[in-house]
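Notes follow once the structure below has been shown.
Lettered A, B, C and D in written order, each chain numbered from 1.
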Amino acid sequence: MKIKIYTTGGTIDKIYFDQKSDYQVGDPQAKEVLEKANVVLNYEVESIMRKDSLDLTDGDREQIRAKVESASSESIVITHGTDTMVETAKVLESIASKTIILTGSMYPAQFQNSDAVFNIGCAVTAAQILEPGVYIAMNGRIFDPHHVRKNVELNKFEEIM
Amino acid sequence: MKIKIYTTGGTIDKIYFDQKSDYQVGDPQAKEVLEKANVVLNYEVESIMRKDSLDLTDGDREQIRAKVESASSESIVITHGTDTMVETAKVLESIASKTIILTGSMYPAQFQNSDAVFNIGCAVTAAQILEPGVYIAMNGRIFDPHHVRKNVELNKFEEIM
Amino acid sequence: MKIKIYTTGGTIDKIYFDQKSDYQVGDPQAKEVLEKANVVLNYEVESIMRKDSLDLTDGDREQIRAKVESASSESIVITHGTDTMVETAKVLESIASKTIILTGSMYPAQFQNSDAVFNIGCAVTAAQILEPGVYIAMNGRIFDPHHVRKNVELNKFEEIM
Amino acid sequence: MKIKIYTTGGTIDKIYFDQKSDYQVGDPQAKEVLEKANVVLNYEVESIMRKDSLDLTDGDREQIRAKVESASSESIVITHGTDTMVETAKVLESIASKTIILTGSMYPAQFQNSDAVFNIGCAVTAAQILEPGVYIAMNGRIFDPHHVRKNVELNKFEEIM
């Protein structure tokens, strides 16, 4: 089984650029996370874009959808900003026969106490086990995109009716 | 769903004691890992023992088995030393109706580049998804205890016939 | 000997606020750094302001100067943004009988590979050894404020004539 | 000014070897610490030995002394185990015209909350400022080898009469 990991940007990939006195999306972090985790998986990481998810357009989401649909792998993980992860998840639902897990993190992977590594572990595991469909892996749980929202105040994803 | 996490020791919980010029099993690390991961799970961590898995006896394994069997939860994660994780997994197979995931790490959770956080993410996810049975979650994959061994030279778990 | 540490903000204290999708000056990091370093020093940390050093006004610099001058301690460390650290250093030169060390970092203390901890170690040591005067401790060296500038492209402080 | 850094082993360089279920002195950590600290110093790191300081013999100390005495640099830092750092410092006192700073750490540099980086910052700064002589840089302070001891219970170095 080969897992294809697509990165789209988001907080998980944000790094600090001192010259700009700012914090911007940098190189995809998923690759380094998986290397350090010493996984025995057959996987490949590909960057589609480097955007804050609040800046994703319909065109961007279609680009992500087309990429995922054309992937030879049936197990997909997408690292994505948390703000509009649910929207992108819904756009991907039309894809058949693939298990697609979206994840991200509230703190950059480069931070000392980031949730990035834990979340990527969850997503990669879910991608190997779950039946075809689209799921969100955040805060240690697996959510149905139609029954989850990001609670911005609490910084957590939560189930909704 | 409530997840019960039992800790038994192993490298994952090893910390450095300068006074002893040595490296020994200390407080269970799983609790701190889950707190930092900001999970929305309902879970409880309980320490059964603090042993290097090479030092586990049949009596210790029976103690672990009895604890797991009597747990009210049906989703169990056990952090354990990697050297004899497979042996303990086989002892637990007689337990019915519970999804039991064993995991650990090659480097202590306290190390900067440890696989501990990633592995706990994998295990906690598998515990919520898999059908009842006993599994090993290491190196990003889920293994059947009867078809896995620890490759000591490569520091990885691998599938065997 | 008691060391007084004043914090003014800067990159060293920047943390990520997911709700704002932004990276802002947060709690002073010097206190936590010194606690983890297990120092046997007699010291006190006081926050004067939480500003990016590009936003410091003459009024702010006067506030810092007045605070330092009135300190009972003769050994002072100031954590400060790197962009205008030299300007603030020059304003402090009129203060007699105190050893004043300014430091900061190019990456936030909260980052995994930050220079913050190293730089605070340098500054705290220089504050105990150097003769009264104002100095800049960055990139492992001690600089005279009149003979140093921040090289933005290289992200380093360098000596100038 | 060029700083010569000699490494001799000790806790600062201890890493975990899973295959040995043990914690042993590995590659010198000082080099990586200085690279991450982004220093503008002219320095060189050389490993003399990789020993726990409790295992150092008179022959080992003479080897260290000979190395330091023959160094072309006048600013020397030695990373060393904390248990017998004072003994080695006293052996080096016969060396003229060099500023020699011994440091180490209570926790390995590879640990998440190690004092290693802070201590190396202190030592490297002291090596550039202090008058020729031998000093110990631990816990944020500079000590005279004749007036310091390691307090094992508290895990700190303290001044003595």
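What we mean here is this: a residue touches a chain if its C-beta (ideal position, glycine included) is under 8 Å from a C-beta of that chain, and two chains touch if they have at least 3 such contacts.
This is a predicted model, so every value here is computed, not measured.
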Query - Chain whose average C-alpha position is farthest from subunit D's own - result: A
Query - Interface composition of copies subunit A and subunit C: same or different, split at half - result: same
Query raised in the report: Taking each chain's centre as the mean position of its Cα atoms, how many Å separate subunit C from subunit D?
Result: 26
Query - For subunit A paired with subunit D, centre-to-centre distance based on mean C-alpha positions, whole Å - result: 44
Report summary line: Rounded to the nearest Å, the gap between Cα centres of subunit A and subunit C is 37
Requested in this report: Name the residues of subunit B that each touch 2 or more other chains.
Outcome: 106, 112-113, 155
Query raised in the report: If each chain is a dot and touching chains are joined, what shape do you get: line, ring, star, complete or other?
Result: ring
Query raised in the report: Among all the chains shown, which pairs meet the touch rule set out at the top?
Result: A-B, A-C, B-D, C-D
**Report entry** Of all residues in subunit B, those that touch subunit A in their complex
**Finding:** 33-34, 36-41, 106, 113, 115, 117-122, 124-126, 128-130, 137, 139-142, 155-158
Query raised in the report: For subunit A, which residues count as touching subunit C in their complex?
Result: 11, 14, 16, 18-19, 21-23, 52, 54, 82-83, 106-108, 110-113, 152-153, 155
